[in-house]
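Two complexes, one shared chain (subunit A), two partners (subunit B, subunit C).
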Partner chain A sequence: MSDLNLDATQLDRYSRHVIMDEVGPGGQAALLDASVLVVGAGGLGAPVLQYLAAAGVGRLGIADDDVVERSNLQRQVVHADADVGRPKVDSAREFVEALNPDVAVDTHQTRVDRDTVSDLVDDHDVVVDASDNFATRYLLNDACVLADTPLCHGAIYKFEGQATTVPAGGAPCYRCLFPEPPEPGTVPDCATTGVLGVLPGTIGAVQATEAVKLVTGIGDPLHGRMFTYDAADLSADEVPYRANPDCPVCGDDPVDSVASQTYQETCVVSE
Partner chain B sequence: MGPSEIDFSERDGLPVVHWKLFADLRERAGAETVAVGDPRTVGEALDVLLAEHDALRERVLDADGDVVADVNVLKNGANVFDAGDGLDEPVGEGDELALFPPVSGG
Partner chain C sequence: MQVTVDVKGEDDVEVDAGADATYADLLSAVDLSPHEVTVLVDGRPVPEDQPVNVDHVTVLRLVKGG
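== the complex of A and B ==
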């Protein structure tokens, strides 16, 4: 178990993985051979990128169409004060490349939409949803299920967080738990809702944990379980959920592609 | 009882079940937990909860009075429509009910 193409520097860098029976050189080689797409380089995306880069995920795709704002810096820890006004994908790339030269970074300064999602998802082994809106979340769920690509979901609200992992092909998927997003106008606007700065660190770390587990085959992913976390009283719980035979993307009569669906902020309507 | 808890069990000694509310539902109710005295079913407990909280009712029920698709109704952590008899699911002393919506922040 000493071969598997890790060079001397890598055996040193990843020694705390390599010496674990559960990971070992084989698991580390799997990480170095993996490609993970991280959608959103914000509060959740920052810790996801940090830990996946440190773990030596060989190729990281980063998709985000925003520029860094000063109000992001309270929680989006891959961006620095001098990055205000720069594309988030650029400062995220620099952070990753400075941390670990083993990681190849592909940046996509674009909004992930129906036209772009399939090419992005198809090119990766695992997708991490670190987005900040329901339209992107439902689009990613649907595209990943249809592409048989696993999805590590995470979302936050003030002091509360949610995380689950959709297996390749779904059954169950995010829609099996939440068939539709809230009606438009019924939930507070994301940009105006406060969030405890450290909260996305906790939930993003859970998402990164799940991605590493999927790549290495370690442990039990959050399949059919929504992990819930409340930073205010420091409590965690989970809500089990089942595959829904009527689910439009992973049920008995699924849609063919995301082109047949409409995704708008806090609303999805079948065309 | 803390300031974030509201107790609607008006008669001492009757069985009490608690609603736990998540995310925006918590704000609409102005409480994280709400105690309900002596309901027989989940539906009865929901009626009592929503009767006292107009803003919560507007979020949780649609125009037909049905629970909206994005809010899960849980009894002891399990969806009552998947694992139980829906709103007819019986409840008793010590059961924890919850309304669980998705969140989208990142």
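== the complex of A and C ==
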């Protein structure tokens, strides 16, 4: 759909958007025209997919190489008990299709790596990082910056969450804030420390909000701002950050491709 | 020199930094490793081995989970 002609069912479904001055039929048409890649169909990916599907994003790409485990169900709300053992992309697709038939779903049951990332990113308007590892996180940052594709980042740990949005082309990007990934084993993950089940719902909703804002052009994205959230005392804060001219991806002398870089345990960008 | 270390998600800590103190020393004073955080001065990360020349830093954790 490339015009403002919503059919009667769509006018009903999206009526609470259409009546908003800030969204209106034009904003809804933009959502229906948009494509968003969600990398990770776990804790963060689940609410991102729910809200982007409900909002009527016309095409959703879902990338995840995992299968549903019972321990996921405490927070990964697009998967059900009967999905245990099934690929996450399959149950996520079924959830989206049941929620909104306007949304086309492309699934990629693979771990996004440097061989596949460029094609995936290039095929979408916005990318949402809902991954659970630093290799994917740095790879997505670098690939999105190089492709001029905006990236909505999120991460969670116990009661704490973070979210920021890397603008098309970066400056600043995630590496401007965290230049290099940590040494292996120095940063705990949810599997070893646990995570409050509702926390990814909060942070994922922030990421979905950012994606909707980017598509519709509404508001001020989290560019150069890291949103931080603490569920334990229900407090939020933000940390401003600036573009780093020495950033190897969006600085003055950037790399031109992720193909020659290493994105494993250390995710180092070679000079 | 008194330096305010603003660790996001925690209370601020006042650290008495010696003349040769580095940003790694500030982190050590608040029981954090340079591997797990970034230290920001005026919105940009600073190398951990550089001498401290400001009276306020922001410390942000790297978070892995998704």
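In this text, the second predicted complex is superposed on the first by the 261 of 271 C-alpha atoms of A that agree within 3 Å, B and C clash if a C-alpha of one lies under 4 Å from a C-alpha of the other, contacts with A are read in each partner's own complex, and residues count from 1 in each chain.
The working rule: a residue touches a chain if its C-beta (ideal position, glycine included) is under 8 Å from a C-beta of that chain, and two chains touch if they have at least 3 such contacts.
A quick note: this is a predicted structure, and the numbers were derived from the prediction, not measured.
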Subunit B and subunit C placed together on subunit A: clash or fit? clash
| request: In the overlay, answer first, second, both or neither for which of subunit B and subunit C A:L177 touches. | output: both
Is A:E160 in contact with subunit B, with subunit C, with both, or with neither (first, second, both, neither)?
both
Given the touch rule stated above, what does A:S131 touch, subunit B (first), subunit C (second), both, or neither? both
Touch test for A:P188: subunit B only (first), subunit C only (second), both, or neither? both
Discussion item. Tell me the contact category for A:G45 with respect to subunit B and subunit C: first, second, both or neither.
Written reply: both
Look at A:V239 in the shared chain and tell me whether it touches subunit B only, subunit C only, both, or neither; answer first, second, both or neither. both
Contacts of subunit A common to subunit B and subunit C in the A-superposed view 40, 42-45, 130-134, 154-157, 160-162, 177-179, 181-183, 186-188, 190, 195, 200, 226, 228, 237, 239-242
Within the complex, subunit C is touched by subunit A residues 40, 42-45, 129-134, 154-157, 160-162, 176-179, 181-183, 186-190, 195, 200, 224, 226, 228, 230, 237, 239-242, 244
The subunit C residues in contact with subunit A across the complex are 8-9, 33, 35-36, 38, 40, 42-45, 58, 60-66
Within their complex, subunit B touches subunit A through residues 22-24, 27, 58-59, 68-70, 72, 74, 77-79, 82, 100-106
Contacts from subunit A onto subunit B in the complex sit at residues 40, 42-45, 130-134, 137, 154-158, 160-162, 177-183, 186-188, 190, 193, 195, 200, 226, 228, 237-242, 266
